[in-house]
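Have a look at these structures, which come just after this line.
Below are two complexes that have subunit A in common, paired first with subunit B and then with subunit C.
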Partner chain A sequence: MPNHANSDITQQVSPFLIFFIIHASQVGEGVLSFERFIAEKAGYDSWISILLTGIIFSIAIFLICKLSIRNNGEDLIAIHQSLFGKYIGGFFSLFFIAYFFLITMTVIRSYIEIIQVWIFPDLSVFLFSLIIFILLLYYVLGGLRIVVGLLFFSIFTTTFLFSFKYVAFTNGYFSNLLPIMDHSFTEILQAVEPMTYSFLGPELILVYAPFIHQFQKGIKWAIIGNLFTMLVYFLSAFAIFLYFNEQQLLQLSWPTLHMWKVIDLPFIERFEYVGITLHFIAIISTAAIYYWACTQSLFRLTGLSFKKIATAILIISIGFSFFIHDFLVVEFIMQKISKVGFYIIVAYFPILFLWQSILLGVKKK
Partner chain B sequence: MRKLLVIIILSMVLILSGCIRTKIIDDIQLVLMNGYDWDPVNDSYIGTAVIPLYGNSEESNLQDDVIYHAESNTSQNIRNKIQTKTPYRIETGKLLGILIGEELAKKGLEEITLGISENQDIGRGLYLAVVKGESSELLSQDYKVEKNLPRYINELIESNMERNFPRTNLHQYFYSYYGEGMDPFLPLLAHTKTEVYLEGLALLDGDKYVDSISFDELFIFKMLFEPNDSASYQFNWKDKDTFVVVSAISSTVDRELTSKEKINFKIDIKGTVTESADVKIDSFEVKGELEKAIAEDLTKKAEDLIARLQKENIDPLRIGAFHKSQTRDWKKKEWDELYPTMNIETELEFKIDQSNITE
Partner chain C sequence: MSGNKQNLHTTKNQFLNEKHTTLHSLLTYMNKSTDFRNFPFQKDKAIHVYYYESLVDEKKIQANIFPYLENKKYRGLERLSLDIPSDNILITKDLKIIEEKLLSGYILIQLTYEKENVLLIAAFLEHNRDITAPEIEYSVVGPKVSFIEDIVTNIHLLRRRIKLPHLQIKEVVVGKITKTRVAIVSIDGITDMENLNTVTQRISDIEFDQIIDSSFIAQIISDNTSSPFPGLIDSERPDRVASALVEGKVAIICDGSPHVLIGPTTLPEFFAAYEDYFLPWHIATAFRLIRLFAVLFSVLITPLYVAVLTFHYQIIPIDLLGTITTSRKDIPFPPILEALILELTIELLREAGARLPVKIGQTIGIVGGIVIGTAAVEAGLTSNVLLILVALAALASFTTPIYRIANTIRLIRFPFIIFAQFWGLIGVLIAFLFTLGHLLRLTSIGRPYTQPLYPPRWQDLKDSFIRLPFNKQTNRPIFTRAEDSGRMNANRANKKRGKRK
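This part shows the complex of A and B:
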């Protein structure tokens, strides 16, 4: 069985794999629908917001990595403890654990929603999430290396699926994007917030940092991974903006799926069914890394058995999906959680970084 | 523990595969084409569904269709009513086209298209078309066609789109219906007792059918709307009192906003002219004369067409969308007032490419 407490070399992964971890934990359900949310704020100039968000996240990743390195490569729990003491630090860690848990839930639940709407209207949410969570448990119990293996493969499916946005470049209208910068800069900045939800993932670095062999070398890979995500989102949004005009886009819940509807391959009448099914891997890998982070943090905080914690989370999540049928509740949680994620990245980590700098300065004196 | 997990997962797969309604091809009926009409007497929609009759063997004749009619006050209920006439479930995943009767098209397509856009089974590459007369009549008649009727109509529109017909499908309809500064257009089908044919183009104002373009004018429309590569045009050379057919036309169109109220269409056309006894292209002079005559003729017709669209205040050429893309702080209200009086000019250059193969 893997040892989750001591991160010796047999438990660690190579630094370049952070590229895959970052990309896979970022690309989840959001890639199918984020275009509408940003277009609501900044119209068809919101592709600038994607670039802005990517840059903000690159800076955040740098700060996050520095946070860990300055604390001897330790994880979030240890950093919280050394910065705030046992109780207050533990409270902050608990907050993060709840956050990781809710992200796992919403990612899985919103994917089930897509399946219900597009493929099987009579799919039972409870049974399907039971299957997915047992699968996730299987990955998480295998340890981080197994999870990272899954994330490594997910990048190929998402890139493959992404290539099917080519229809927009053959059938779209470039004039949709003109005139550039027709929106004010404040509007473009406002679109950064809805965009954040699709970029969330780098905050997990602080959980898996001790598991990266020669973590310092990983920083550049983390930033490259984030920039790659930015590129994928940028081209996706570009494709959607060429293909749909603004008023039409605001009518669509999942623009990417609507675009796939016109792809007609000789062996399959419509592509969205292939797309949704293949997207499963992206969803599973995002959920798996958050599930793992949630279990790992709780394990580090309480010292209980890793297996028992993972199983307890499984039971809670399934109970969650059993009692919450209404998708509006999930959507509400999703909106709140994306706000929380936004503030974690743009406010909490920089403040934590500053606080750490102050403490380090005091200690030196 | 791990073994137990594997066993649980495998048994789940077995158990859960029975939880969802299956769609076995033998037990469902695939609608290939839908028709909708409006019955003003009863204030209700008449729906028609064409379903191919697949026999028990491969040799069975694919030309046989079953046609179901149903009448209801809402378009959604039509499917439920049709369902009462057949024991098998009706599935719309393979729909090739949706035909709208003239009466209903004049009343407005909104309710029908809303129902379509909400149905995730229906693709976006299918054709929406307006029918002269009633769609139920067109779909119910027997024609001499090689394939079954829905596939025939589907390919009729498809093959014409490669020629004189502008690109259209359900996605394009939604694109120009929702978009600002544009109005949709749809293929206009008509039928006699023995054949179905493309009559031209139905022009819509919002979701209402208001006018149509005949087949002869289609080339003018297509030339203004998008680049061509294999259209054809029949030119009436009045000076020489003869007809010249220009074929294999390739054209490009460029729009230019010269001032806030003036748009120039720059069109470059290359075409092949087939010589006839009356028209011999044997010198540069004749060639130049013919090129100029055709260019003048096309320019005049293009300007007439644009003036007509402006007068009716419909914008299937998406001039408003172009204007929007060139103007900052574009307002729809201002554009609606500007459009009918807008100064739109056409600059056209025509080149004869080659002549025919015999001397």
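This part shows the complex of A and C:
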């Protein structure tokens, strides 16, 4: 059985695997639909917002890694405790745990929505999410190494699927992009916020930092992973913008799925069925790492048994999916979470960083 | 309740704890068995001889030992032992040793005047079959030698290939009743001590009463005993085992078994035939990739058929859809039932073929494969498209060089089919992810099973699903944690001479 409390060498992963963890935890449901959200704000100039978000996240990742390193490579729970004391720190940690939990839920639930719309209109949400959460539990109980294994393999499928964006470059219209820069800078900045949802994932670094062998070496891999995500999103958005015109794009919930429809392979007629299936690996891996982070944080906070916590979360999640039938509620939670995530990255972590710097300065004197 | 438990504890294997306190009682006890021989020599019965006729080569002792006992008077055993022309000889009074030696083919000589000490002389009766060509891991090119049921011969085959004093054998006796000899083989200076200690500890701690074959050991000591995937490779090829030892693995030889266990092992190794090393590297790589494809095909094709025909017929291109509809139009069953019927038929044929004698087995194969297959299609019970797919899948599952993994592959298909019936392609994916999770969690002697894919060891990839030429294999695999990691110094290799430009 893996030892979740002590991150000894048998539980740790190599620093370059952060590349895979970051990329896989970022790419989830968002990559199928983010183009519409950003185009709503900044039209076809929103590709600039993608680059901007990528840069903001790279800085955030640097700050997050420094936060951990300056605290002897410890995790979020320990950082909160040392910065705010046991009770206030614990409260902040609890807030993060709820955040991780809600992300796990919404990621799975929103993909079930896609499956219902595209493949099985009368899918039993309860039974299906039960199986999915049992699958997630199976990975989470194996410890971080096993979860990272899933993330590692998921990258290959998402990259494979991403390569099918080529159809846009052969069938698209470059004139769609013109005129460039007909949106104001504030509009472009506004598109950063909806873009954040697809970039969320680096906040988990603070949970898995103790499980990285020679964490210091991992910083560059984390940033490279984030830049790779940025490149993937940039090219995705570029492809979608080439293929659909702006008015049409705003009507499509999942532009990527619509684009897969035109892919014509000699042995597969409707590629979107295969695409939705394969993309499910990315969803499962995103959910798995958040599920693990939620369990691990709660485990570090309360000291209860890891297995019991994970099982309790499973039961709560099943209950959650049993009572919330309405997808509008899920979408509402998703938008709120996206906002929370945005502020965590651009406001909370920088403030935490400053607060830590002040405390360290006081200690030195 | 607790008293009952105590009782159980004492009665278990109690007969093994009955110790004979005197040599006399031991010998009388053994004499109860009719194959135990006991007779005196000389007029005054000065010398007594005891042995099991089933374990001793009687011709040998009649020719070499008995002539010395018939006439001459001996003062003591020492004197006698000097006369007898055998080197495997000892004098002892330890009852435990006496019992053990008598049961392994020694004869016991006792002098009436010297009751305490006895003389033990080796006279083993050896019945071994000849060393034959490998049957399960057959290769067209390369050596045609395989292990046999005798542990000494097996060690001999390994020593012939690794001529180093560093090749170390550690013998353990396991199984309370069978007292099977098990040899743990490693190379000093290459094999990781941690691996060796783990294996030694696990084997010496075996509590089972009978160890008949090496597969008993494999099942008992593997990390996850309830996994369908084998935790250790079993091979009948001395070349494969020798090569594994050089790579830094540990080999386990069990007396009475022609299969030697190798560990730690990884998943890609099950798809590597040893013949791959006898072929040029690109051809070997192509074969390995074919095997990988065969395994994926074998596991996935029937579930995909069920998934696509039940839920996603839109995926099929329009021309192919025509073919499939024609072949399925008279079938009264849904795809899942059709698939299960055919899969079960194939399993029945295989099981019948494996249990029957070779010649009848072949007939059954023809009757089953051709007659039943054609009849099922003509009767309109199954579609011939599925018949082709299932037969191909069964064929593909036998491309793996290690037979054990073929069983696994054939059986994990069934949960996939059931998941496919529930959620179509997504169900197949969920089943796949469960399998992946299981594989990621598996370890072999504490080393991850999915190496070198995950954790990624780029260096080990060159001898996994692909095989690069020998001059690129400069290091031993990382996952064995070999103490000496270098195979060769590539810089020191001289250039080939005599090459024409």
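To be clear about the criterion, the second predicted complex is superposed on the first by the 365 of 365 C-alpha atoms of A that agree within 3 Å, B and C clash if a C-alpha of one lies under 4 Å from a C-alpha of the other, contacts with A are read in each partner's own complex, and residues count from 1 in each chain.
As a convention for this text, a residue touches a chain if its C-beta (ideal position, glycine included) is under 8 Å from a C-beta of that chain, and two chains touch if they have at least 3 such contacts.
In this text the structure is predicted, and so the values were computed from the model without any measurement.
Shared-chain residue A:150: touches subunit C; no touch with subunit B.
Using the contact criterion defined above for the overlaid structures, shared-chain residue A:120 touches subunit B and also reaches subunit C. Contacts of A:13 after superposition on the shared chain: subunit C is touched, whereas subunit B is not. In the superposition on chain A, A:139 contacts subunit C only, with no contact to subunit B. Contacts of A:269 after superposition on the shared chain: both subunit B and subunit C are touched. When the two structures are aligned on the shared chain, A:131 is found in touch with subunit B and with subunit C.
Residue contacts after overlaying the shared chain place A:176 against subunit B, while subunit C stays out of touching range.
In the superposition on chain A, contact of A:277 is made with subunit C only, not with subunit B. Of the two partner chains placed by superposition, only subunit B is touched by A:247; subunit C is not.
Common to the subunit B-facing and subunit C-facing surfaces of subunit A are residues 120, 123, 128, 131, 135, 138, 269-270. For subunit A in complex with subunit C, the touching residues are 13-14, 17, 115, 119-120, 123, 128, 131-132, 135, 138-139, 142, 145-146, 149-150, 152-153, 266-270, 273-274, 276-278, 280-281, 284. Partner subunit B is touched in their complex by these residues of subunit A: 117-118, 120, 122-124, 127-128, 130-131, 134-135, 137-138, 141, 173, 175-179, 182, 244-248, 251, 258, 261-262, 264, 269-270.
Of all the residues in subunit B, the ones that touch subunit A in their complex are 2, 5, 8-9, 12-13, 16, 19-21, 93-94, 117, 120, 123-125, 169, 171, 174-175, 178-180, 321-322, 325-330. Every residue of subunit C that touches subunit A in the complex is listed here, in rising order: 311-312, 314-318, 320, 423-426, 428-430, 433-434, 436-438, 440-441, 450, 454-456.
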